[in-house]
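Across the two complexes that follow, chain A remains constant while its partner is chain B and subsequently chain C.
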Partner chain A sequence: MKLSKLLLTTAAAALAVTGVSVSAFSADREVKIAGFGAKSGVVRSFGVNTEAVMKAAVKHINDKGGIKLGDGTMGKLTASFDDDRCNAEEGISVLRRIASTDAVVAVGPTCSNVAEPLFGILQKKVDDASDSGLQMPIFTDTAIKGGLAKISQWAFRNVPNETVMYQTMFKWLMGKHPGIKTIYGGVEEDFAHSRFTWYKVMKVRSAEAGYDVKGESKWLLNDTNFTTQVREMKKAKPDAIAISAHPFTTCGVLKEMQRQRVKPKLLIGLTSSSSLETLNGCAKQAEGIIIPTSFAPVTDDARAAAAATAEMGGSADLHSAAAWEIVLILADVMEKQGIMAKPDTLQADRRKIRDGLASLKSTAGLLGKIKRTEEGEATKPYLYVHAKTGEWAVLHDPSQQ
Partner chain B sequence: MDLVDFVQSITDGLLFGATYALIGIGFTMIFGVMHKINLAYAATSIAGAYVSWAVGTLLPLPALVTFVVAAIGGGIVGYLVYLCCFKFIPVTSPLATLLGTVGMLILIDEIIVHETNGMPQPYPALFDDVYFEIGEFYGIRGDLLFIFFLSLIATAILLYILYRTKLGIATRAVAQQPVAAQLCGISIERTNASTFVITGLLGGLAGAMIGASVGVLSPLLTLPITIKGLIVTVIGGLGSIPGAIIAGLLVGAFENFFQALRGVTERDMYVMLLLFAFLTFRPGGIFSKTTSRD
Partner chain C sequence: MDFYYGLLQIIGMHTILGLSAYIVLLTGQVTLAQAGFFAIGAYIAGMLTVLAGWHLVPSMLVAAVVSGTVACLVGFPALRIKGLMLVVATMAFGEAVRLFWFNFDYQRSKGEALVGPLGGEGFKQIRYFPENGWTTGEVATFVWIWVALIMAALWWIDRSRAGAVLRAVGEDELAAQSVGINLTAVKVTAFAVGGFIAGIGGAIYAHYTTHIEHSNFGVILATFAIAYPILGGLTNVVGTLLAVIFIQGFLVEGLRFLGDWRNLLFGALIVLAMNVRPRGLIDERAMLFLRRMFGLAKRGTNA
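The block that comes next holds the complex of A and B.
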């Protein structure tokens, strides 16, 4: 009697354990998103913030139960993050490694000089049998240099369109400050994004808006002495100065401008400088600088994303906040495309995600609706912010015009 | 370029070149004593400045005290570099110590990056609001002038230590005749260690001066300062302190002049041409005796 009772109990326990394992397996089917970007060197903060945002967004989705897979079971998202050191070779190596794992999609990279060659190793056109490029969907949050997604049909970006942002901002500024007629540029000559934004965006769009572009001063990312460049600015006597550089040299130049008493009526900055780094380095000198940005905690969703990111030890800004939107968009696409998240469906899942992303016409964003272009780019809502008493404050919302 | 621009460029370059001179002195002293290159020296200097910044975040300090803390920080980091890269690595293997210092350069840089997330950090300066204007387009930065004079004072103190103290005599003895110095009872290890501490103190001060001149500290500073320091050391002559001083000022002026004349993208090319010219026509540096090539 005792023996049969023991057997019965053991059998019941075994059944219960098996049952629990099965249900746990179903509930815990993992859908892996592999993030990558710069977590070393002077751009480390970009990677740190993106990782924090991704993890916060994944937690946000998992707390709501995860995503519904193609067979009706629920899958939990997981996010990893690899460091590419803002180096093209390392970025390519990281992506190849990600492609060899069971990650269904990659999110990154940080730097445009990585994104450009990286997109080049992807298959250019889907279903092109003669192209042996990687077939892995990539959704970029930070690398902002214009027009990169068209390199491959597997590449997508959720970065702001700087051309549109600066075009409208210069027009708005011209209307608001009609007395300001001349502009002078300062450009970090050896950084892809800064260079592109000055020569192809700021310079061209400010001239279109009616400004007389008096020239530009150049410096390098590692420079420590800006006396000559600021003297050039002083000589040009412009009404406005536009600085297309990252926080370290932006701060160096702003401090030198203060020393040489160069006080333009208007100061305009690069999108990437609308971050904590600039205020951390030179809040006093940056006071009043105007920058267009696609993120500010001005809506309930944006505030919630910023708070969740802060809990993860990061900061939501123009670049990193895009990763929040990306994770939410991916979760939506995965559900709609019915991915299975099984080892034998890995490549099919990647293809479904790519197709889903390619078919998007618009998505929800933290500041409002984001339009998607046929080339895999985004047209995001944006604001103009300015540095005010050590913080970024909204100066103008163009959507309210 | 008109005359005012020319004079202005040279002035700015000379003033900023004082920091290159300090870095060059550190490189050259270590080489003079140990006959080894310490590639982590500029990183040590910037690390010293970061130590003072970190202390400043905990306890607000006046700028002058911050510079002193930077020097002390540089001295401590310098000693650690000596322990890790020279003391326990066989001196018979010159490549080992050289690679050790390369590793240390990267390690120090990455520690700074990880601790600050690579973010630029504001660094205090003295007289940064002082600007002596002569005419509309000629001016001298008060902070650079201060840095220039502080560098001269630091160099004078260093020369005093080297030529008027027992420690200095021991250092020079080890540099010139290590075996004879040892026979006279001078501890080579202690002299080497003290050289690293002294150059670290000087480097920390140089790091602080560089941070103060930019107004911001960034890990971006280590590599260019390392390269400039090495160029200054070679042009000045390996082991020559007066050479490092003159070369520092020369490189600063040369760099700034060509930046104004040819632009930032060509600037470093001319500095490299200057280096090659010295390597070819005066390989022993400014203060070397005339030597002929084999």
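The block that comes next holds the complex of A and C.
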């Protein structure tokens, strides 16, 4: 008798709980965005900042009431963030985990060496029944190596086009400093982004602009001693030095350049180094370094995003600020595509988001209008900034030419 | 479910990598060359399926034979040295292999794109599984068929005269030599078999990730390769499997929800496991306990 009572009570409680959750579900549905990236290792700061930006952007949208779903009800955005340790295997595992949850879209990863395999496991062409690849939309904020989104029609990126940025910057620099004729490179050889950017972008575009490229010194992401590389730079006696490396080794090289008294007339950096990490690590040595970037707090929206991110304990920079734009773009696409955010519409919602992203021709961005390409890439507005007394200051706005 | 199939694939691949080091460790040799053989298997199999359009299975076998042959060739000079010197020599070999792929370019047109290894930028679009409609469940089954075959083969070797010879060399080289065992032949054979197994693991890895690059095959992977059998114990092949489940399933994947704390706990839990089970997760006493539990050994039987 006691057992029957217990069972009845349990069943009633379960029904009550289920009833409550069903009513809660229909009243205020959750739309889950799953972020992932590197939150450990030498690129940890990228993931930490992206997570803060994502959470700030989600709060920004929810404070305005959330997003309107396909059946007219309002849905609240939620954001999670997983660490992939900048490791391809872990990145794949994290994405599969995300795909097994009720997340409608994934935002990430940080590293290009993770993005490339991740995009590879996605279905290459939509509706290709012979391709069993994963059908999950991914919108990338940080992994910047050129041309990755074309790997899959489920992959999209909101990263700047470095080729265009450096092409115009080298031309502008040539006009601005006609006396500077020779350039020498420094490249973080084992990191996909920095390597690609030196050999396929900086080296080629600087030569096109009329610079005499005298060679390059190479080092690795985990290197801490740059004596030989800087000695090579010194020996080449270039007018300008272009460093294609992330903040950690950029600072190491700059400090060694100071020690060996290597003072080029012009110092150029990698997009990823236009961040707070570089200034925290070597503001004095980085003084004057010029970098093209797709983010600076120069508009009201950009300042608001930077302030909201700071409240979340992060820093908005070239990479992380892209996550803010991504969340806003996604919210807009979700509303326009009328996603339902119900368990039984999960795959349909993912498909709607993919189709919505693929159909975009342009979107709003923190610095202005962002154009979208057919391959899922972005052409973002950009500026040239330079390190000035411990801060990034705008040096030139190419759109004003 | 796909996530769990994916996790099974990872555990399977790492088990194969661990087993490639297991057989070498049985002869008392500590090697850091397995990541190199793993890389050779990955690149060769990838090139055969992507550039030559081969079926995966023959590609894997060819990749494994190439890895095994390289292991055999490297084994002759490398195994003339022992202990720490061997560790350094095999680590140098692993790095040499990694740097070879770092500088190796061989691309051909496939449709509109160029495919094949491209030095530091890696080798992308190794999409045999999705292009041929394999589901994650089917891939996981495929991986575990290989794991089962390799574990069964090593289990059988362990219980044959060959296994006794391997262990004899591992326990006491002088005693083994005094009873007529050719040390070089035994060590080189173990090295070659280890290279063959690592080649199979690498081939699966390349097709799992769809993109490989030199940095995937560094010292950390080599360290994991020997950590699995050492942590699992050299009593039998099951220990390696358990160690992989412990590291990849529990420490890497299971603790992901802990965020940054996971990395701190990772090392601490391995140290703890090694202290609690200094002879490995599956040692002789554990085996005796298991045998008794399943009624395979009588009370009073020694391990």
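Following the convention adopted for this analysis, the second predicted complex is superposed on the first by the 374 of 401 C-alpha atoms of A that agree within 3 Å, B and C clash if a C-alpha of one lies under 4 Å from a C-alpha of the other, contacts with A are read in each partner's own complex, and residues count from 1 in each chain.
Keep this in mind: a residue touches a chain if its C-beta (ideal position, glycine included) is under 8 Å from a C-beta of that chain, and two chains touch if they have at least 3 such contacts.
Keep in mind that this is a model prediction, so the values were computed, not measured.
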Which superposed partner A:D131 touches (first chain B, second chain C, both, neither): second
Touched partner set for A:P381, first chain B, second chain C, both or neither: neither
Touched partner set for A:S40, first chain B, second chain C, both or neither: both
Touched partner set for A:G70, first chain B, second chain C, both or neither: neither
Which of chain B and chain C A:R259 touches, first, second, both or neither: first
Chain B versus chain C as contact partner of A:N280, first or second or both or neither: first
Contacts of A:P247 with chain B and chain C, given as first, second, both or neither: first
Partner chain in contact with A:T224 - chain B first, chain C second, else both or neither: first
Partner chain in contact with A:P292 - chain B first, chain C second, else both or neither: neither
On chain A, positions contacted by chain B and by chain C: 40, 189-190
In the complex with chain C, residue positions of chain A that touch it: 39-40, 82-83, 85, 88-90, 92-94, 96-97, 99-100, 113, 116-117, 120-121, 123-124, 130-134, 151, 189-190, 192, 195-196
Chain A partner contacts - residues on chain C that touch it in the complex: 1-4, 6-7, 10, 102, 120-122, 124-127, 129-136, 208-211, 213-216, 252-253, 256, 259-260, 262-263
Parts of chain A lying in touch with chain B, wherever the complex brings them together: 40-45, 48, 189-190, 218-225, 227-229, 231, 234-235, 247-248, 251-252, 255, 258-261, 276-277, 280-282
Of chain B, residues touching chain A in the complex: 5, 8-9, 12, 16, 110, 113-114, 117-122, 128-129, 131, 137, 139, 141, 143, 210, 213-216, 218-221, 223-224, 256, 259-260, 263-265
